[in-house]
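When the chains are written out, they are named A, B, C, D and E in that same order, and each has its own residue count from 1.
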Amino acid sequence: MIELAHLQVLAAALFSIGLYGVLARRSAVLILMSIELMLNAVNINLIGYATFVDFGEAQRALGQVLIIFVITIAAAELALAIAIILRLYRNRSSVNVDQIDALRW
Amino acid sequence: MLSQSLVFFYIAAALVIIGGLGVVLTRNIVYAAFALLAAMLGVAGVFLLMFAEFLALVQVLIYGGAVVIVVLFSLMLTRIQDFENLTDHRQWPLAALLAIGVFALLVAATLTTSVRVVERQSLGFLELGESLFTDWAVPFEVASLVLLVALIGSIVLVRTSGGRD
Amino acid sequence: MNNNFLLLLPEFMVTGLAFAILTLDFFIGRDRKHWLGYLAAAGLAFTLIVMLVYQWNTTDSLYDGLISIDGYSLFFRAVFLVMAIVIVLSSVEYVRKNLEYPGEYYAILVFAVVGMMLMSASRELLTAYISLELLSFSLYVLVSFDRYNPRSNEGGTKYILLGAVSSALLLFGISQIFGLTGTTRFDEIGSALRAASEISPGVLVGLVLIIAGLGFKVAAVPFHMWAPDAYEGAPIPITAFLAVASKAAAFALSLRFFAESLLPIIGEWQIILAILAALTVTVGNLVALAQTNLKRLLAYSSIAHVGYLLMGLAALAVVEPDGDVQRNVSHLASNGLMLHLVAYGITNSAAFLCLAAFYNETKRDDIADLAGSARRAPFLTLVMAASLFSLAGLPFFAGFVSKFYLFSAVAAQGLLWLAGLAIFTSLLSLYYYLQVIRQMYIEEPRVSGAIRIPKVTIGLLGVLLAGMVLLGVYPAPVMDAIQHASDALFASIG
Amino acid sequence: MTEIIGTNWAWVIPALSAGAFFIVLPFRRYLPVQGAPLSIAAILLGFVLFWFVLADLLASGTADLSIRWLSVGDTTLTWGTTVDQISVTMLGLVTFVALLVQVYSLGYMKHDGKYDPGLGRYYAVHSLFVAAMLALVLADNLVFLYITWELVGLGSYLLIGFWYERRSAAEAAKKAFITTRIGDVGLLIGIVLLFRATGTFDISTLIHIAQNGGIEQGTLNVSMFLIFLGAMGKSAQVPFHVWLPDAMEGPTPVSALIHAATMVAAGVYLVARLMPLFELTPTVLVVVASVGVVTFVFAGTIALVVTDIKRVLAYSTVSHLGLMMLSLGAGGVGVALFHLVAHGVAKAMLFLGAGSVMHAMHEETDIRKMGGLRRRMPVTGWTFAIGAASLAGVIPLAGFFTKDEVLLRVLEYRHPVFIVLALFGVVLSALYMARLTFATFFGEPKSDHSEVHESPTVMTLPLLLLAIPAIGVGFFAFGLGDTYKGFAGFIDGHSKFHLNIWLSIASLVLAGIGIWIGWAAYIRGSLSTERIIDRFQSVHRVLAAKYYVDEIYQWVIDRIVLVLGRFIAAFDRVVVNDTAVDGTGDSVKISGFRMKFVQTGRIYNYGMAMAAGVVILSLIWWIVQT
Amino acid sequence: MFGFDPYVLLLLIVLPLVGAGAILVTPGSNVRAIRMEAAVAATVTMLLSVYVFLAYDHSVGGMQLERTWQWLSMPGPWPLGDHAITLHLAIDGIAAPMVLLTGIVLFTGVLVSWRVGDSEEDSKPPKAYFVLYLLLLSGVFGVFVTLDMFFFFFFYELAVLPMYLLIGVWGSSSTFPTFSRTKEYGAMKLMIYLVAGSVLIWVAMLAIFVEGGLGTFDLVALEQVTFSDNFQKIFFPLLMVGFGVLAGLWPFHTWSPDGHVAAPTAVSMVHAGVLMKLGAFGIIRIGMMLMPEGAQAWMPALIGLGTVNVIYGAWSAIGQNDLKYVIGYSSVSHMGYVLMGIATLNPLGLSGAVLQMFSHGIMTALFFAVVGAIYERTHTRDIYTLDGLAKRMGFTATMFAIAGLASLGLPGLSGFVAELLVFLGLFQTYPLLGVLGIIGAAITAVYILRLLARVFFGPLGERWEDQTDASGLERVSTLVLAGFILLVGLFPFPFIRVIESGVFEVLARFGDVG
């Protein structure tokens, strides 16, 4: 049987993988993709709780509602971020995060 | 003895994990985009296993149909020559360590927390819709504003004008 | 369910204002677009008046407390509207000289205000989160709004990427809390936590993640690192908006969340927040010592101020040595926090407005560029000096009173060491503020010639200076309002 | 206030001069003769009042008068006067000498028919000084005494430094002030210690308490010794004598005032005034006597070789002050004061005479360039000779009687060593006085004196007036039936005049020897000074260098005080400030500077910080929780 | 008296502010009007301060001219939360002479500053100068008359704030053979140091507020609380050192001489004359009044440091070549007497300390006024460069001599009375340190007389042939100061009995001692 723990571990794993990507990748676009992984990890976590825990009548739908919002926000965030990255690319001809360190110290 | 659902779950989980690892490990950015797609589909699979058909559908539509396409477009618009030899910076072992740390933390935390669970329960379309448009109408409206801002913002930022680009 | 949506009238009005701006943008000539700024300011002011008139003493809620219109949210929404008016007005000249697409600029700014207002009113994690994202998205755009400036762009990129990561953290935290308590409502979370004998590790991690997400929003060390870069890159009015308004909104949300949900278990997290606060004041002030760019200096200084404000959160109750929680002076901490937010808001707005006015004329924002500004723009420099003194917590200005009150509250909650650290770091801050003042007053100007300041700016500066001094010498009226807000906040948790 | 003018009016005497000071100093530019007549009038009135006070004292005995100056809690400080035999003696001496000196100064401060532009300042400070001195002798409590004591010091500082444009005068004034002040440290500590033990400053109360054993002997010993230190400073006892010879940089009438009858007498006066206390501390009295006799001989030897007319007189003063201290050390208050008076008038006359000479010779002071001046300046010459003879101990001048009484006292109350040394000092005293007088006024002129004239009457008159007591005051030694038991008896009420004929003869003979040697060396020329100097070269060198005391002090000041001062100043700047204070500040700044490099500008570092923050915070919380 | 007694203390604070406001709205080009406004404000305030001093009735004692205005409440589980912060104004016998002192220094400082902005090389506008100057003095008045810890601290910081600009803008940098001190450095160090002191004070105040449990910052109310011994022993030293910094407590004194060297004349006058007194006043008003046991426990430390101050400061002054450094270190030395006097905890010593605060304030103001006059004319303060100035600047020399003599404790001048009382007090508790104190006074004589002999006496240096003596305004201001030196020196009782009434109130807190 699938248990809550399965989903939680999967979520944790995906979250960590996404985090690794954020921390290790050079391309801004790939960082963005890694963030999507993290957000999906959240969704896995949420669906796990939503499915396996009884929240009573009033909150039954809340888990899935949350997921919908997360997906929405994730998509919008991705779009906006890509717009900004494109802008960056036009100004600097690079999306390499190593190279965007004019602002520091 | 594996139950049928568990097998499906493992398949979906494997898809998710492999896709995820693909995104963060591959040296070719196009592969990464497809790995992301795979992971997203895996997540959709998980949704299905949790009887959340609507979410699975949304997941496939938004991620498969929109997000990955947008990502690919953006890749096309930026520098092609970088596509095939992506490198990670020198911080990656540290990043790996930290990621493992976070994983350990989350797993340890969840596993040591006892949750009173019930059988998997499904949620009907109607119920979800009604909840979304009554109980959560305000956040829903706000979310629309968020999308609007993202839209306007993207246009403003990317639109060329005056030939300065 | 019987929902009185009129309660959200101010939000509707502000949203309408944003649409109005977007619409009018099509019909207004290129060289008159600054009227959009005045329109935005007027609209916000009108909203403020309407809100004050119709919601004075209102205590009501939508969806059984999903959104709460009470003294607390009234206070904060009023503060946000005032701040937004100031920012809009200080933007007019800057936008005209430096930016394209003024219509979109003002509209998005106004959308951000909607997000902020809802943040202070929401008593539920999802609503709060969405409102927070509305604010964040607006800010992502606005920070990058100086399209051809690589710095603006860079700041925006860092902000949105790290912002997204922090969203992920926050959401994971929310998912944990939701999963383990079964609710996202603040009060219900609170009662669930109170019912539990101890905090389970899952909840603990969830709370840490939420703290991290909110910490990112307010720029608390170690989640602060985006802030100096984004501040430096952003257009100056937006830097002010980031430093003042968005921070205030994040605190409005955090204060309600901590007070309503987490107060019962303050014994668990007080030390965590205290550490965060201590780290924040120390790092913020120390690094500020080494800055040469004024915007960046103010960024670090505002990080330091976040530390002071976090102390207010950490000091929401007394934790006795045996673990008992005394809440009878909790309102002092929230009062102190709000007072300092107001004082800090006024002061920092003034500082940034001065900087913007200076930048508009000279296109420079390094500390050394201010040399001799007292000769070139006496009034501007006076206001700048006053706001720096106020930030440093010297008397006659708002900063002194608010710091005194806040630190007293912190001490009263048994965190004297934290107050002591904060006071000591205030001393460090004085050093770098004085370095700026030194440039302005003592050094000889390298470039001669008076700096022209628009009348609107002068007027606005005058108002801010007056506010700073008034709050510094007679804070009682503001304090009354804050006390009402605190009462409303704590009324809901009994 | 009584009906008649009497002892209760004593306070008016200093007040007059003080008033003169406060009027003359600010308004000197607007007063005739720069206010000098006002000042003289004040002191003249004082002198007149003195006779009323004296009469009333003789008629109705001692009188106290005091007003509260301030009080804290149960401690009250007063300003008060006490009029008794000691104070009235001093009162008379001071007013008399001061009056004459001030009159004399009118002539002395006039050059080529024009008054010195600083005349007003001169008279103002003069008045201040006199007022302080008069108040000092009247003071009935130690605080008031200390106040006036210090004001006397201030007056001397201003007078010695009158010609402040001369570097040497400025330095001499400074030296006088600082040297006496070092003694004053002792005085003040002594006073405060006495206060601590008794809770009072009032002298008679103190004495009363002490005599009833109210003060622990150790405390009393220490206090009295410290107080004596103050007296040593003011009275220029070895080793505090260095300021006095240098103080000759002041105008000569000032020397006459300060170094004959007033300031230097203050130390003697103080010990005399507190004698009942000193008597309770025999050890301290031995110290007093020892210091006195050492000073007597020590200064006498230096006076032998000094060639500056005023400095010879200065060392002579030091020497005689030593004699007075010796007398006090032997418990002889009356005789000490007697000698003080005799010495005071004689020395005042000598200084004024020297001033007259210098005035005539355009400030020439080297006796080797003088000689035979009595022919050109007869009044000056003869009065000078009288003064010198008096101090040399020639019968029947005052000095003979007073010195004789001192020697007698010493012989009776002290170890034989003291009398031997004292008699040696008598020889020296006679010798240097003879040398000075003969070299200056007798013999042949050693330079062209054709321009030299006798000084104007305003200067010679005081000389003549001073000659009278210089000659006659010695006869007060004898008793007059029961009402007057001799001067010593007048002072302390029980001493009786008596003679030791052998001692008198011995001292006369010794003085004669001294004078004879002087006569032989400076008039007849049968004794060659050069040969003696050649013979005792090393001794002469030491004497001429004044025993190197100044050099030692200079070394201490230069090498220890100033160097230490510079060291502390540098230490304060380099170590305390630049290292400790700035160092702390800098290290904070540097830590900020280092820390800012954490902010690398790279997103992944930022993200790392966030993630690490989450992990660490969680761990902390978890650990704290369990 | 005239019906304005309840407001008179408030007026003291407000009048300088009104003056500052009037100057602020006057155009900067109208220098004459600005000066007149400053002078009027200063004169009226000084007269008011004289009135306050005279109005204080020593025979009644205690707090007088009291008035309270509600300012901010802190509701909570404590009795006085509704009056948490009040503008509680009153003076006692210790504050009264301080108010008078401030009035005098304020007035004379304005006169001395008359020519600010006139200098030929660069004209710094006098407008801001006078505004800041009056602001500073308003703060000082506030500290002396307030009985609320918040406002005490408020005014305390207010007094510190303008110093930075006053020194930084109108000050002067100096170069010496082996080192140099810029005005920026001096100003910054002064500011940081003083605020660093206030960090400790602030922490201690918060601790008192919390421990007091009354929910008020009112000192009178807090005096009713008995703080535990441990608490007092921990927090008294914070106050002692915190306020001690301002009082020049060794080894936290270096801001003071460097500050003087950089500061313009009137600021030096206020700095040494009044500002340093705030520290000592704070120790008495807050430290000793609230925490007598703590004070008692820590007094040996204070008295020890005070002794170091006296000797070290004096000896350090001997080694200085710059007039202002000499005077600066002499201030350090003299403040040592104040600290020693305070630490005696007996009526004599404490009265002496307060009188010394007054006396030193006047005296050092006179010093700096004179030094300023010299510097303005000769553009040097090096004692080896200046020589024989008395010939050309007789009046100035006289004034310097009066200040110097007062400083070395000459009877008849104010310093003596104060020091004598301190010594008398000291000998009752720590005779040995009393001896050191008296020796310190002798060391003072060394450097003061050395200075007089070097700078004023001796042959006139050729380059000073054309020096002019003090101007009319300088004469008035220095004469006022010198007059007070004489007045206190000759007739100290009117001052002492006022001080005494305050001192006994303080000592009453020390049951067994008082």
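Throughout what follows, a residue touches a chain if its C-beta (ideal position, glycine included) is under 8 Å from a C-beta of that chain, and two chains touch if they have at least 3 such contacts.
Keep in mind the model is a prediction, meaning the values are calculated, not measured.
Trainee: Just to be sure I understand the contacts, which chains border both chain B and chain A?
Mentor: Expected: C, D.
Trainee: Count the C-beta contact pairs for D-E and for C-E, then tell me which is higher.
Mentor: If we tally the C-beta pairs in contact for D-E and C-E, the bigger total goes to D-E.
Trainee: Which chain's centre, taken as the mean of its Cα atoms, is farthest from the centre of chain C?
Mentor: Relative to chain C, the chain with the farthest C-alpha centre is D.
Trainee: Using mean Cα positions, find the chain sitting nearest the overall protein centre.
Mentor: That would be chain E.
Trainee: Which chain has its C-alpha centroid at the greatest distance from the C-alpha centroid of chain B?
Mentor: Farthest from chain B by mean C-alpha position: D.
Trainee: Distance between chain C and chain D based on Cα centroids, please, to the nearest Å.
Mentor: Here chain C and chain D have centroids separated by 77 Å.
Trainee: How many angstrom lie between the CA centroids of chain B and chain C, rounded to a whole number?
Mentor: 31
Trainee: So the centre of each chain is just the mean of its C-alpha atoms; given that, what is the distance between chain A and chain D in Å?
Mentor: 96
Trainee: Which whole number of Å gives the spacing of the CA centres of chain B and chain D?
Mentor: Taking the average C-alpha coordinate of chain B and of chain D, the gap between them is 102 Å.
Trainee: Give me the residues of chain C that touch two or more other chains.
Mentor: Only 126, 130, 133, 137, 140-141, 144, 147-148, 157-158, 161, 165, 179-180, 201, 204-205, 228-229, 290, 431 qualify.
Trainee: Identify all positions of chain E at which a residue touches two or more other chains, and write them in rising order.
Mentor: In chain E, 192 touch at least two other chains.
Trainee: Among the residues of chain D, which are close enough to touch at least two other chains?
Mentor: Within chain D, the residues that touch at least two other chains are 585, 596, 599, 601, 603-605, 607-608, 611-612, 614, 618.
Trainee: If I apply the definition of touch given earlier, which pairs of chains qualify?
Mentor: So, checking each combination of chains, I get A-B, A-C, A-D, B-C, B-D, C-D, C-E, D-E as the touching pairs.
Trainee: Quick check: in the complex, which residue numbers of chain B touch chain A?
Mentor: For this pair, the touching residues of chain B are 3, 5-6, 9, 13, 16-17, 20-21, 23-24, 29, 32-33, 36, 39-40, 43, 46-47, 49-52, 54-55, 58-59, 62-63, 66-67, 70-71, 74-75, 77-79, 82, 86-89, 91-92, 94-96, 98-100, 102-103, 106-107, 110-111, 115-118, 120-121, 123, 127-128, 130-132, 135-136, 139, 143, 146-147, 150-151, 153-155, 157-158, 165.
Trainee: Residue numbers of chain D touching chain E in their complex, please.
Mentor: Per the stated touch rule, the residues are 68-73, 75, 143, 146-148, 150-151, 154, 157, 161, 164-167, 169-171, 173-174, 177-178, 181-182, 184-185, 188-189, 192-193, 195-196, 561-562, 564-570, 572-573, 576-577, 580-582, 585.
Trainee: If we count contacts the way the header does, which residues on chain D are in touch with chain A in the complex?
Mentor: Contact set of chain D toward chain A: 596-597, 599-604, 607-608, 611.
Trainee: Provide the residue numbers of chain D that touch chain B in the complex, in ascending order.
Mentor: Where chain D meets chain B, its residues are 604-605, 608, 611-612, 614-615, 618-619.
Trainee: Taking the complex as given, what residues does chain A use to touch chain D?
Mentor: That would be residues 19, 22-25, 28, 31, 97-98, 100-105 of chain A.
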